[in-house]
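Per-chain numbering from 1; labels A, B and C assigned in written order.
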Amino acid sequence: MDAVLENFPDVLHAFGYTVLLFLVSGVLSVVGGTLLVAMRVGPIPVLAKLGSTYVILVRNTPLLMVFFFFTFAGPKIGIKFNFVDVHIGSFDFTAFFAGAVVSLTVYTSAFVCEALRSGVNAVSLGQAEAARAIGLPFSGVMTQVVLPQAFRASVPPVASTLIALLKNTSVAAVFGVIEATSQMKIMTNNHADERWGIFLAFAIGYVILVELVSLLAASFERRWRIA
Amino acid sequence: MRFIRTKAIVAATGLALSLAACGDAGNDSKSVDVDVAKDAKFDTGSRMAALADQGTINVGVKFDQPGLGFMETGADLPQGFDVDMAKLLVASLGIDPNDTSKVKYVETISDNREPFLESGKVDIVAASYSITDERRAVVGQAGPYMVTGQQLLVPEDSDAEGPEDLKGKEVCSVTGSTSLDNAKEQGMKPVGFDTYSQCVDKVLDGTVEAMTTDGTILLGYAAQNEGKLKVVGDAFSEERIGVGYSKDSPEMCQWIVDTLTKAEEDGKWADAFDANLGGSGAETPDFPEMDTCS
Amino acid sequence: MTASTVLFDAPGPKARARHRTYSVVALVLIVAVLGYVVYRLADAGQFAYALWEPFVTTRYLEAILWAWWDTITMAVLAVLGALVFGLLFGTGKLSDRATIRRISWLVVEFFRAVPVIMLMIFSFYAIFDSMSIERGAYWSVVLALTVYNGAVLAEVFRAGVNALPKGQAEAAYAIGLRKTQVMNIILLPQAVKIMIPAIISQMVVAVKDTSLILIVFAIGLTKIAKQLPLSFNNIVPTAIVIAALYIITNLALTAIANWAQRRFVGEKEILTIAPVGQDAMSL
């Protein structure tokens, strides 16, 4: 544990990257997942097909391979994030951070889509029928009646997805972002005799973050529960 | 039984695939010819005598660094300059280094070379193993058989001329390497990737300003990407690459030094360098002065 | 709400025409994007035969096949291990004794909350590296995935037991069976049956997660993704082929899971479990 205490600022900084990766890709994934679910349940067959193909492909690809594509294949066809060069305090947001956010978002959106779809399915038939009866078009049915309820009903599965995202930010360690897992790897190699302590310290860090997200989700669920 | 049967099915599928396969991809293996010692004599009780007696040895090398230690996909034997040094040592024990039933080449990564030597998983390590005082505290290191300097590989149009021009900039190297630590000391922001060629990709697409490691390796990549990449700056660190052995067998040090010195005298060392690292503008350097064994 | 068609009215002639326009525009856009990607790849010389040749050459195909075999066996062994782990701690969480319940709860919550990649780094360096065991990386993957998937399956298992009608246990107690007997003879067999699809689905997760060991050591299909481009400078073709292999493997597993769902469970929904961290009440 000494190594952790001595390098505590580094540890916190690394967890800072973890949290930032989580927040940015989390928001983008919810947006992406919502668009995808609208495509999947919408009236245009081509888009529905596109949405479901996307979900099937991404869900069955390891996140690591998604990162691989955006890190090595993307640049060859002009998908580069080199323009990202923002520095706030001691945090650098460069191509590596942007690449990680994009990979995580592309991956997590598919899972958010599925979680939301289960929420849409949980909204009772009469709701949509009533909405249509008063003359709302598909966009109105979705944005004013179905999705607001679907979001509420899908808080637990979306929370699961976001918790998975929080843990998945660790894959960015393989692709140039010094977030918590990367920092742990560096520290366990510099202090080989303290491996157990270092592992435990970082594991507890993740547990705390996961519990925070989970508690937040639980309180949302209580507040939004459909009567 | 079940397991064996499934294995057979996999093998059969492989056979079927290979019958259908029509490609002919492949790379020539580059390696120096080694002469297996016929009358290897070692002091009784020494580790070398024991290894020569049992006729088998485990060697730790890298599998992912073309030119130094590299296992081609689907190949049986690794190749590279480090590997050739190991082969010379193995041959001096009277063991055929190309016989995989006698020599087991174990993939080591930067982080597990010491544990592998300490636990006896490998008998010697030749895996771009820089000699440092910290490492010598836990394992034996003989040599160096190569001294390299860390340089920078930058895009052709870059203005950077040395580490001082890249302070605060992201510079790529391989995870767990000393190059990464040195880059940090020079004020650059180290970014770790899995292999050097991934770093080359990152320099080519402009994600990082430069990559850094041994000059010899960088010259190879500069030659492959002529007109796009160049090597700049003087070496800003000196890496002394040696052979690792267990601290329990200090007698191995003199054997390693003697064998490699002999390889220098009969030209094998220079041959190995040319075969693996030459041909890309790197001149065969002088054989380094080896540390005396204590 | 099962059919999505309740979300919109059956389109009339005008709406149908509009949807046709949207469809055509969407299709054109999709084709254009795909075409652009293919064009850029071709432009970058990524379709050159030399870059793809290894995938039709015997020795590389064999190597890829063995790597694929490693990936599959790691996932299978991990899920088998996870079953044992899951049964152990799943029943632990249903135990009458508070201590056992608490310990099981702690173990399950811990391994569900820690990233798998961290478990792999740890088991690779701290456990298998100093052991005189061959293929330490292989076994670190198996161990890390065993404890992670085991923790998930413990929850699945508990959900499975809780999903059974209460009358089953009550009837079993009524005829005089003891707690362990009720569990082993009555509840377990039924719970396992409805768990089967969830277990196979977990295989997909395990197959994907085997790739994470790349952070310390390359093994399985990702080893090809790392090593082959070193010989042929063909990182894009390799990534496409390896991703395709993962997808095919997982689609096959999903098909099996769906078949098992129909065969063993019928049309009931697949078991779902609460997010990690929302189970504090069971203490």
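As a working rule, a contact is a pair of C-beta atoms (placed from the backbone, for glycine too) under 8 Å apart; a residue touches a chain by one contact, two chains touch by 3 or more.
None of these values were measured; they are calculated from a predicted model.
Chain pair with the most C-beta contact pairs: A-C. The chain occupying the central position, as judged from C-alpha centroids, is C.
Averaged C-alpha coordinates give centres for subunit B and subunit C that are 36 Å from one another.
Each chain gets a centre from the mean of its Cα atoms; for subunit A and subunit B, those two points are 39 Å apart.
Subunit C has its Cα centroid 17 Å from the Cα centroid of subunit A.
Shared interface positions of subunit C, i.e. residues touching 2 or more other chains, are given as 125, 214, 216, 235.
Under the contact definition stated at the top, the residues of subunit B that touch 2 or more other chains are 111, 115, 194, 198, 201. Contact of a single residue of subunit A with at least two other chains is seen at positions 72, 76, 174, 189, 192. Contacts from subunit B toward subunit A in the complex involve residues 111, 115, 170, 172, 176, 189, 191-194, 198, 201, 205-207. Interface residues of subunit A, counted against subunit B in their complex, comprise 72, 75-76, 80-82, 92, 94-96, 174-176, 182, 189, 192.
Note for the complex: subunit C touches subunit B at residues 50, 53-66, 69, 125, 129-132, 214, 216-218, 224, 226-233, 235.
The part of subunit C that touches subunit A in the complex is made up of residues 1-2, 4, 6-9, 11, 15, 19, 22-23, 26-27, 30, 37, 40-41, 44, 46, 109-110, 113-118, 121-122, 125-126, 204, 207-212, 214-216, 222, 225, 235-236, 239-240, 242-243, 246-247, 250-251, 254, 272, 274-278. Across the interface of their complex, subunit C is touched by residues 40-48, 50, 56-57, 59-65, 68-69, 72-73, 76-78, 120-125, 127-129, 132, 137-138, 141-142, 146, 156-157, 159-160, 163, 167-171, 173-174, 181, 184-185, 188-189, 192, 195-196, 199, 202-203, 206-207, 210-211, 213-215, 217-218 of subunit A.
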